[in-house]
């Protein structure tokens, strides 16, 4: 979960990382109660980066200009996103700008401190000079100093910058972050440092133990453990095929086979694996039902390939779930296109065709159950894919 | 072999829903489960297995154990694993998904210091077909044999095991290192174990997009593995920067940490091919390639 | 540094240890604005334990009784200490009372968890059933569970109590505590737990990195690193001897010799060792001067034995400091007796006799410098003690 | 012997006031100080010794070192010691007092895991008379000889050393384990080192009230030490529950952790006497007892 700049800076302030005096602006008139002296900078609070290039950051010298600038930033879409809040911040005279980050490296399975003497807007510059320090054992301040030395800092800047890195690291650990980044860390003529922009990503799996952080983002989650996603991803806008599988890799392998056979995939849905500690056999059947409903709501879906590799749930139970889904009176369906405006409700449209491939126990019973439904049942995956492609071609032809 | 039918096994989180479903299945398959642990629920029985509040109570009553299978809730899993290490258990199978990555970093440091083997998390565990099950692999897809199967996923592993079994190619051992971003053991560790295992003739590695596990494995195979390896990679058609369902399977380049192309299926497949490893295009091709290899004499001398 | 009960409970509340609804009462009339429903308990907030036995804890049912009780508690001295504040707290119906503590064991050099199923006022009961768990490696919850199992708890109480122990441990580590104790931890009929009384000692050496905790106690410190104590300890109220040494063990050894030779010691003063990172040669001379002034302010002190074993500071520098002290015009002196009332100022009284024993470089010069002063200079410690005893006897005789 | 004149030594916190005073004295005494470290002040020189920002810079320029002497401020001392361990230094002398006890607990766990010897904190360090000084012992009180001197204090140790030297009894090595409550090394560790040291004939242990170091030492001497030991304990007349000047010297029984009498001078002296160890009544009696022991044949056979 990503935080907005002002939320990241609130955390910086809490742990003693220097940030500028700042105020949240929820509507342009809030600027009349500004407590920071002018000149100030107004910054659009959006999740997308590079807002500066498109006018999302403005320097202003008085209230009249500030209100005008706020109006225009509130109405400025940044890659489709409008800010709900702006950040009004004091100005800072920097002489140097550094890049600092703490990130978890999945390959070496340790947190890594990153630092570059060339921070700022031009990310490539930062990357070219990026220094890495792996925190291989319990953290201690010397890891942060090691980064500053590798960055080529000397004198008082060693202690000033390593103090910031150390606080970033503590935040990273205490709040279960995937990333904490300061770019740029401004250095003024007196050698004082200031976090001018910041980015924080909280690990999704850990959000449950950080309720205060979880409450910061009210948007629907792209992926939440233990339940189906709120919305479907579109792969090919011309596609007519959807796949429903259990398990991420099985989903990907099935998608690959569809694509390798020339099929155009509109949606995929992974209904999850059995490694949740509170998983129960009912979980799978419930999700098959919900998943089929989700996929068939988009009338562009003509064929659904169900590929389920069973663990403990007998195939006949899954077949029963599918049969019940097919027997239900057709519900109002929704055509979900690329744009909101295209949303329309169409009633009584037919259900998509189902190609079902189940691997598990109780296959004979499963086939019997599905024999009386329009679903096509196949034993092996390659045949199921071939059948799917035939069906789609028949539909197109 | 590290996992033998003589191994004594304990189950932590035995009264969690997943533990209640799978512990009897493991026991039926022949795994010697001597006790279970569920804090605050000691004194109960599950399928005749006594449940204790703490590991040390279980061990003082039932004797030492070699392996623990952990079904504990994700935020309790680190503690369960540390408790196991503290009583001398050196093989830990973590089934649960959703363990925060920094908990795994902590555990891995401890495992390295104590020479403890960790399988998982977010893993179906280990199966030695016909002998023992440590986790949630569906046993009916597996047959005893000489193929060592290593992956980092669940149901696709079962799919591949089934394809091998159908083709008459049984398995010596099958393990999934798990689907999360930070994992207790690595492909090289398991490739080494399978390379040294006398029951294993051919190794099948089932990979997927995200991270650089497969790239590292390809390099390691070229350097250190003598037995033939067949690879398969899922996710050629997966959209970029989309999580496919578990934390491990995402191609990203956060904070300049990975190169822009590292983690894609193309990167992984070409790494295997550069290392001289046969790559199957689809799961059903895996048994074909294994059979082809078994017919040709070994490429590398021991 | 010890905290008062309400301060300890504020920390408990912060880390999620269950405490009762409570309110600080600074004067009896505060009870008119009480937000907790009656019946309540009023508790004297003093540093001394066992206040319950002497009337420092009262249960009351209405405002009138509460104000009366508050008046009497404010005027009740508990071993010489009057409360500055009371704690008004809700009542709790306990069925069982446990003792819990985390303490640093200096012998095994690890934190130890302590727990007893028999908590409450009778400390001996708690001690008889006390269970110990050494936290030998990084803490994890299982250490806390281990304590609850050793205490003989079962069922839900295992998790409820170990959760409290875990939070106590985190507090212990985060705040650099010497001790955190809950006695009793009340358990009600529903199996819910509640910290009914608590004690926290913060490590003095660590106070510098916990400014918020340091600010909780405005009393003068008994011993503060890097400076002399604010007041002198009286050993024998009949004594006429004071010793001034550098280093704790040297001070004790010198006191032992005085005592073994039949001398009666009034005061001792350890001016500190050279293991402060910011120690400089001037530090020693400054402290000799301040120490001599402190000791000679009490006119009951007839002889001061100065025993300094030198590190880097040459003895002649120390001798010069002593000589200067002796040449200074006599300042007003203070007779510090056992009771405040005996305080009186006497002018122009003579300085105590000085027996000086210095061990270090530059001894010849030192002797020359002190030869012109009334101080008696001796080379070895035993002779210095003998000289001291002779002087005291002469004074008495 | 662990500390020899050939040992290479680094000083951390070399530009702290105490470091600036004592580093030149150590160097003059013959200690091979190859470099110093003071973060943010790299590039300077002290008495010809180059100062670096980090240990790893010092080592890459000046080569490996055996020992570090730490004069860093108390809240920076743990980090300095961990930095030393991370670059492979396995002998650490902590001079500064005021290090929080929990920092020491952390350091001790790390030292145990890496087999690192810690002296201090709040200690004058180690002196090998005539050869090398690691800390702040005043060298003029010491003479080379065969008495191993171990204590947990500063100036009283110098007093005893001077008494021994005056009596013609030089010292093989003198060490103070330090005056704080939580110490990096223990009396038994040093008794063992002195027992094995061929230069040492007699061991003098200078104890004091507080804690149970002396009681533990008495037990250990009776069990494991072959060389004769003379003990002295300061604090017979110290008031109870008064801190005498450093954190270690207080008799308390907080939270039922120590028995009510443990930590008193009486408890310690009687522990030594029960273990058959001679106890001096005053510092000046120590040389007398040593001489008496040296004249009688060894009580214990090797």
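Per-chain numbering from 1; labels A, B, C and D assigned in written order.
One rule holds in what follows: a residue touches a chain if its C-beta (ideal position, glycine included) is under 8 Å from a C-beta of that chain, and two chains touch if they have at least 3 such contacts.
Every value quoted in this text rests on a predicted model; they were computed, and no experiment measured them.
Remark: among chain pairs A-B and A-D, A-B carries the greater number of C-beta contacts. Seen from the Cα centre of chain B, the chain whose own Cα centre is farthest off is C. Chain geometry summary: the mean Cα position of chain B and that of chain D are 50 Å apart.
Averaged C-alpha coordinates give centres for chain A and chain D that are 56 Å from one another. Each chain gets one centre point, the mean of its Cα atoms, and the points for chain A and chain B are 27 Å apart. In chain D, there is no position where the chain touches two or more neighbouring chains simultaneously. Of all residues in chain A, those touching 2 or more other chains are 137-138, listed in ascending order. Taken as a contact graph, with one node per protein chain and an edge wherever two chains touch, the assembly forms a single closed ring in which every chain touches exactly two others. Pairs of chains that satisfy the touch definition comprise A-B, A-D, B-C, C-D. In the complex of the two chains, the chain A residues touching chain B come out as 101, 103-107, 109-112, 114, 123, 126-127, 130, 137-138, 173, 176, 178-179, 181, 201, 203-206, 208-209, 222-223, 225-226, 233, 235, 245-253, 255-260, 265, 270, 272-281, 308-312, 359-361, 380-382. By the touch criterion stated above, chain B contacts chain C in their complex at residues 39-43, 53-57, 76, 78-80, 82-83, 86, 106, 110.
Per the touch definition, chain B reaches chain A in the complex via residues 13, 16-19, 21-22, 25, 71-75, 95-102, 104-105, 108-109, 121-124, 136, 138, 140-141, 151-159, 162, 179-183, 206, 208-209, 211-213, 216, 234-239, 242-249, 254-258, 281-284. Interface of chain C with chain B (complex): residues 137-138, 140-142, 145-146, 149, 154-156, 158-159, 162.
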